[in-house]
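Reviewing the structure listed below.
Think of it as A, B, C and D in the order they're written, each chain with its own count starting at 1.
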Amino acid sequence: MEALLRIENLSKSFPGVKANDDISIDVNKGEIVALLGENGAGKSTLVKSVFGLVKPDSGTITIKGEVIEPGDTAAAIRHGIGMVHQHFQLVPVMSVVENIILGDEPHKGAFVTKKAAREEVIALSKRYSLDVDPDAIVEDLPVGIQQRIEILKALRKDIDLLILDEPSAVLTPHEIDELLEVIRKLAASGVGILFITHKLHEVMAVADRVVVLRNGKLVGTTSPKETDEEGLAQMMVGRNVVLSVEKGPARVKEVALEIRELSVKDDRRLDAVTHFSLEVHAGEILGIAGVEGNGQRELVEAICGMRHRENGSVRVSGKDSPDMDPRGVHLMGVSHIPEDREKDGLVSSYSIADNLTLNQFNLKPFADKGVRNFAARDEYADRLVKEFDIRTPSFQNSASSLSGGNKQKVVVARELTQNAHVIVASQPTRGVDVGSIEFIHKQLISARDGGAAVLLVSAELDEILSLSDRIAVMFGGKIVAIIDGQGADRQYIGRLMAGLSE
Amino acid sequence: MKFKISRDALVPVASVLAALAIGAILIAAQGHSPLEVYKVLIVKGFQSTAGLQATLSKAGILIMSGLAITFGLRAGLFNIGAQGQVLSGALAFTYIGYRVHGLPIWIHLPFALLVGALFGALVGGFAGYLKATRGVHEVISTIMLNSIMAAVVDYLTQNQFRLKSQPNTRTPDILHSARLPHIFGFPTGFIVAVILAVVVGWIFRKSTVGFELDTVGKNRNAAWYAGISVKKSIVLGMLISGAIAGFTGGMFSAETTGYFVPAFYSGIGFDGITIALLGRANPIAIIPGAIFIGGMRSAQSAIQFQAGVSPDIINLLLALVLFFATAPLIAKMIKSNAKSITTTSGWGS
Amino acid sequence: PANAATNDDSKCGTAGLICIGVVTDIGHVTDKSFNQAAWEGAQAGAKAVGGVANYIESNAATDAEYGNNIALFAAKKYNVIVTVGFLEANATVAAAAKYPDIKFIGIDQFLDTTKTTPNLAGLNWHEDQAGFIAGYLAGYMTKSGKTGAVVGLNIPPVYRYAVGFANGVAYAGKEQGKKFPASKIIYHPAGDNAFSDPAFGAANSAQLLSQGYDVIFAAGGGTGNGGLARIAKTKGKYCIGVDVDQWGTVPEAQPCLITSAEKLIGAGTADQIAKVKAGTFTGGNVYGNVGIAPYHTFASKIPASVQAKVTAITKKILSGSLATGVK
Amino acid sequence: MKRFNIKIWQLLLTIALLAIWIYSYIANTDITNSVVASGMRFGMPLALAAMVGIMCERSGVINIGIEGTMLLSGFTGFYIASWSKNIVVGLLVAILTGVLTSFVHAMMTIQWKMDQIIAGTIINILASGLTSFLYKEGSTIPNSWPIFDIPLLGRLPFIGHAFFTQQGPIQYLGLLLIPAIWVMMYKTRWGLRTRAVGENPGSADTAGVSVIKVRMINVMIGGAIGGLVGGFICLELVGSFSKEFTAGSGFTALALMIFGRWNPMGAFAAAILFGLAQALSTQLQIFGVTNIPNQFITMLPYVFTIVVLAVSAGKVRPPAAAGRSYEKEQA
C-alpha cells in the first residue's frame, strides 16, 4: 500500500545548524506516529516543512502519491493536512469563531456569514467533544482552552493527515486523556497522525510507531510494544535517563514565604485571587495544582511584585515585601521562573549572556555604580551555559536563536543560581525534553535541599506529584485543599482541580 | 572576516555613489552638467574653509537633534514631535541669553543652555508622563504639543519677549556672554555634539540606565519582570530625549541665530528623525551621516548659484542615499551581510 | 548661472554695469508672493538700467545661510544686493557693514538707522493702507454688511493688512450711514505651515460664507489662496487677494476676486535700483507704494460711483490726509 | 473592566457632544450648522488620510509616509490635469500615483523587510525632494471640482444642512468611503484576513492566507486613498499645487488614527472632533473673543485632543504585528 505521507531525504539548515539532515519518514493511513527528540532535535522544523511553513533545502514530501509544493501552506491545506502548532497560532484579539474560520470563511459574496460560521464552530466542538465558547475573545481564555481552539482549527477541514506539535504541553491530565481519545478516534477513521510530544507515557498510550530524532538526524524507529519509557528516553538522549524523581525527605525549617489574605485582579479587573493565605517553609517544595486559569498566574505575579495586590500581604523571611516592585521583591531573595518565557522571561534580541543576567545586570559584580562590567557577565554566562548544558555555539548569540527547551534552560539557570530564599517556579518544564526535565527537577530539589522555599506552580499533575512535599489545590482563586505530597491520590486531586467537592 | 567587514562598510559608500548616479541623470535631464554640480558640492561643502565650517556647524545641530530622536527610539519611544521641544528650548535659552546681564560667559552660556534643556525636557517629559500614567501615545501627544508649543512661543515672542524697537516679531539679541565662541574658527557646536554623541553612546553601551531603557524598548514585559520600572523609563526616555532637543535649540541659538524667531528653527526636529534613522539609532553612527548631510546642505545655495540647478536636488539626493543605505538592494549587490536596520518594532505602545 | 535673459554676470565689476543679486527668504522666486515680486522687480530694474540680475534661494532661515548667500554675490562683484524678508534683517545689516561698496536693499526690513550704514535701504510698505483701501471697497460691495479676513500668522505685516481692512470697512459703513458689525479676522495658528495651509484657508472661508459673510479678504500665502479658491465656488460672494494682483497668480479665484490689496514690491525694488543707477540712493528706511490691483472683469460690475470713491480715498490715504487707525 | 471604562468615556463624551449640539442647534441653528459643516471640512481630509494609515496598519505595516504619498499625488494630479486640461484625468493620475508610491513603500517594507518607520521617512523626503525639484510655476487647471448640495439629504432636519450642503465631492465621498472601509474591515472575509495578518501573521499564514499578498494589496489600497486625498486637495480645495501643501497633515492623520484606535469609524470620529475643535476656535474668533490672545484660541484643537485622551485614558493597542516584517521561517 502507498504510504499516506512520505518524507524523503529531507534536509534543512539554518545559519549554524543543520536542523534536519536527510530525513525519510512514512506515515500510513490511520497510523499514529510519534516523533520524539530532545529540544532542538529538529522535530518542529520537520513538521513545518510538511505543512509548508518552512521551505526545505532538499528532499521531497509526498501525500497520497502527490508531491506537495515546498513552502506553500495553502497547498498543504489543500492536500488535506492539518496542523496544531507548538506555539499557538491564534489571533488574541479575535473571537473563537473568527480564529477557527480564518482562511476558509463561510461567506456570501465578500461577506463573512457570521451565523453560519458560528453554527459550524458549535457543531465542530460538539463533534469532537471539545467545548468552547464561540463568542469568547481568545486572549481572555486560559491556555488550555486556547489549545482546544488550535485543535478545532486543525480538525475543521476534512483532513487526511494531522500534525500535532506538542499539543499536550499545556493541558490538564483530564484534557490530555480527552485529546488522546480524539486522536485515537481520528486514526480509527483513517486519518494519519504525526504527533510530537515530550511526554513518554502519552507515546506509550497511543503511538503505533515511534520515530526518534537527534541533532537533526533520524536515529531510530521503534514502537511502544518493543520498548518502554526508559528505552525511549535513552534513544532520544543517547544515554541513560532517570525518569522518576529521586528525592530525600524534606528538612523543613522556618516559614520563608507567608501569604496572607491576598486578593488580586486579572487584566480585565475581575477577581482572580481572593483572600488567599499560604505559608511555604524553607526547605520544602509546595506544589500548587490546578487547572490553568484559576488564578495561578495572577497569584505568582502578585507574589513577585509584578501585579498589584488589592488586599493582603506577602512576607518574605518575615519581612513585608513591596507591592508592584519586582526589583524590590527580587532583592528580598525571591527568584521567579515565569510561565511565559518568551513574553516575560527573555529579551529575545539580547545575547544569551545578557539574558542570563537580566534581573541582576545592575548588581555587583555585573555592575558597579551604574557602570556595567561585561567581563563579569561573560564569565558568569560562560559558566552557566556549561553548567546547564545550554545548546548554543556561543553565549554571545541572541536568545532568539535557541530552541524552546534551551530558552527555558536559560531562564532556569538564571533563577536557580541566585541562592534565593524563595523560588517561585511557574510551569518550569513546559515544552522541555525529558533530559532537560530531569535536569531542571534535580535543580529544584537541590535548591530545596539547600534551604530554599520552592513554590511550584504547574499544570502538569505528574510534576506536582513527583516533586512536591505538600500540595495545595487551587480552584477559582482559592485554595480548596492542602495535601501531604507523600502518597497523594492522583484521582482525588484531579477531582479537586475540577472543582468537585470531595 | 576582515573581508566581510570592509564589505559592510562599503554599503554606505556605494549608496552615496548610487544616489549621485541617479541624481546625475536627473540633473542632466534638466540640461545641466552633473559634473559641475558635484564639483561645487565637494568644493563648497567640504573643501573650502568657509564651506567646511558651515558644514560642521550644520552637522553639529543635526547630530544633536539626531541624538534626541535616537534616545527615544532606544527606549521604544518615537519622539516624532521633537520640534516643539527644540522650540521651547530655544526660546528659554534666548530669554536667559538676553535677559540675564552681568554674568561671565562660562556661567551665562552653560546656565542658559541648561535652562533650554530643562524646558525641552519639560515638554518631552510631559509627553512621557502622559504615556506612562494615562497611556496617551507619544506620537499623538508630541505632535499636538508641537502645535501648542508653536502657539505659546509665538505668543511670547509677540508680547513679553518681543524686541519693541522692531516692527517685526523677534526677541532682543542674545548677549555675547551667551553666544558660543568659535575656537580658531572651528564650530564649537560640532565638538559639543560629538562629545554628546559619545556620552549617549556610552550610556547605552556601558551604563545600567541605558540597559534599562534598551530593555524597555525591546520587551516591556521582560523589563518589568526583570525589575525595571517601565513607567519611570518611559518618562526618563522622553525627558532626556526632550532635554537633548531643547539643548539643540539652545545651541543653535547660541552658535547661529543670535536671537529668536520661530521660523529659524523649522525642520530641526524632523531632520533629527532622518539622521537617527540613517545612523540606525546608534549614537556614534549618526555622526558621519550628519557630516555628509551638513555638507550637502551647506553647498545647497552654491549649487543653485554656480551650477544653476534647483537646490532641491539636495533633498532628493538625501532621500536616495537613505533609500539605498537602508534598502537591501545595494547590500545584496556587493554581497554584504550587513544586517538590515531596525529602529523600534511597531508603535511600541 | 541661470535664470533670466540678463543674467550673464561675467562682466560684473566693470564700471557702470549694475549687477543685482536677490537673496530670497526661505522660499522660492516662484512663490507667487513677495519673493517672486522682489525677483520680478529686480529683473525689471535690471532691464531699465541695462544691468544683470540673478537670485539665490535660501535654504535655511539663519544669518549664516543668508550671509553665505550674500557672500556668493559679493565674490562675483555684484553691486546691488536685495534681501527679501525681515528674517534677513540681521544678516543684511552685517553684510552692509562688511561690503561698504555694495548697495543693499532690505525688503520688509525696518532699520534701526542709528546702527546701519548708508549703503543699506530698508524698503517697507504701509500694509494697513493697502488693507484699508481694500476694506473700503469691501464696505461698498457687501450686501449683508458682514465681512471677514482669513489670514496667515498674526505677525505685524499681516496684522496691519487685516486691521487696516477692518477699519476700511467700518469707514465705508459710516460714510453710508450704516453700522456694520466689525469685520472678523481669523488668524492661522502658529506653526511652520501658517502660510502654506490651503485647507485651513478653505475651511475657514467656508465657515464665514455659510454665516452670511459676503466679502472676504484672504491674505496669507498658500493659506489665503486656499480661501480664495473656496470663495470662488460660492456664487455671489466676493474675495480680495493680497500682496500682488492675484488675478494672475490664483486664476481659479477669478469668479470672486474683485481686487487684491497690493504692496508694490516689484515697483519699489525697481525704483531703488534706478536710484542706484542715478546716484540718488540714500539708504535708511524708505517706503514703497501700496494700492489695490485692477478690477479686471469686475470693472463692469462695480458701480462707477464706487470706483470713483475708491480712487478718491486712495489718494487721501496715500497722501496721509486720512489715517488708517492702525498703530 | 478596562475595556468597559473606555466605553463609558466614549459614551459620556458622545452624549455630552450631542447635548451641546442639540442645545446650540436650538439656540442658533445657522451658526451651529455652519460650525458643524466646517468641522466636517476640516476633518474630512484628515479622516481620509487616517484611512491610509488604517489600511496599512491593520495589515501590519506602519505607514508614516502618508504625507509624501499625498504630496506626490497632488503633484502629478495637478500637472497632469493642467497638461490634459481635464481634472478627471488629473484625479485618476493622482490615485495611480498614490498606488505607485505605496507600491514602493510596500516593496520596501513587505518584500525587502526594511524598517517600516525608515521606509515611510524615505517616501516623505523623496516626495518633498522630487516635487520641489520638478516644480514649475505658472501651470493652471481649467476648472476645479465644484461644491454642491445633495438633493434630498440636504433638506433633512438637524443634520441635513450641516452635512449635505455646500461641500465638495471629497466630503460626500468620504461619508461613503469611510463606512465602506469599516464594513470591509469588520464584515468581509478580506477584512478578517487583514486584521488577522496585522495581529498575528503566523496565524494567518498557518491558515493558508498569504501574508505578503494581503499586506501588499492593503498597502496599495491605502495608497489609492492617499492619492485621492492629495489629488482632491490640489484639484478641489485649492486648485493649484503648492510646495509642501500637506503641511504636516499626514502626521496629524496618524495621530487621529491612533486616537480612533485603528478603527475607521473611530478615526473618523476623532478627525471630526478635531475638525470641530478647529471650527470652534474659528468661531470664537468670529464672535470676536478678544480678551483671550488669539494664540490660545487657535491652540484649542490640540489641547482638546490631549485632554480627551488623557482623561479617557485606556491604553491604545496597535495591531500587534504593526511594524514587524513577517519572516515565514519563524512561524
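Just so we're on the same page, a contact is a pair of C-beta atoms (placed from the backbone, for glycine too) under 8 Å apart; a residue touches a chain by one contact, two chains touch by 3 or more.
Keep in mind it's a predicted model, so treat the numbers as computed, not measured.
Centroid analysis (C-alpha atoms only) places A farthest from chain B.
Put simply, the C-alpha centre of chain A and that of chain D have 43 angstrom between them. With centres set at the average Cα position, the gap from chain B to chain C is 34 Å. Centroids built from CA atoms put chain D at 28 Å from chain B. Among all residues of chain C, those that touch two or more other chains are 154, 189-192. Annotation for chain B: residues touching 2 or more other chains are 147, 151, 154-155, 158, 314.
Along chain D, residues 135, 248, 295, 298-299, 317, 320 each make contact with two or more other chains.
Applying the touch definition to every pair of chains gives A-B, A-D, B-C, B-D, C-D.
The residues of chain D lying in touch with chain A in their complex are 1-3, 184, 187-190, 192-193, 195-196, 199-200, 202-210, 317, 320, 328-329, 331.
Only residues 62, 64, 108, 112-115, 117-119, 121-122, 125-126, 128-130, 132-133, 135, 248, 251-252, 254-255, 258-259, 293, 295-296, 298-299, 301-303, 305-306, 309-311, 313-318, 320-324 of chain D touch chain B when the two sit together in their complex.
Considering their complex, residues 304, 306, 325-328, 330, 336, 338, 343-350, 354, 358-359, 361-362, 367, 370-372 of chain A touch chain B. Residue ranges on chain B touching chain A, taken from their complex, read 206-209, 211-212, 215, 218-219, 221-229.
Across the interface of their complex, chain C is touched by residues 30-31, 33-35, 37-38, 41-42, 45, 135, 137-138, 140-141, 143-144, 146-147, 166, 168, 233, 237-240, 242-245, 247-249, 275, 278-279, 281-283, 285-286, 288, 294-295, 298-299 of chain D.
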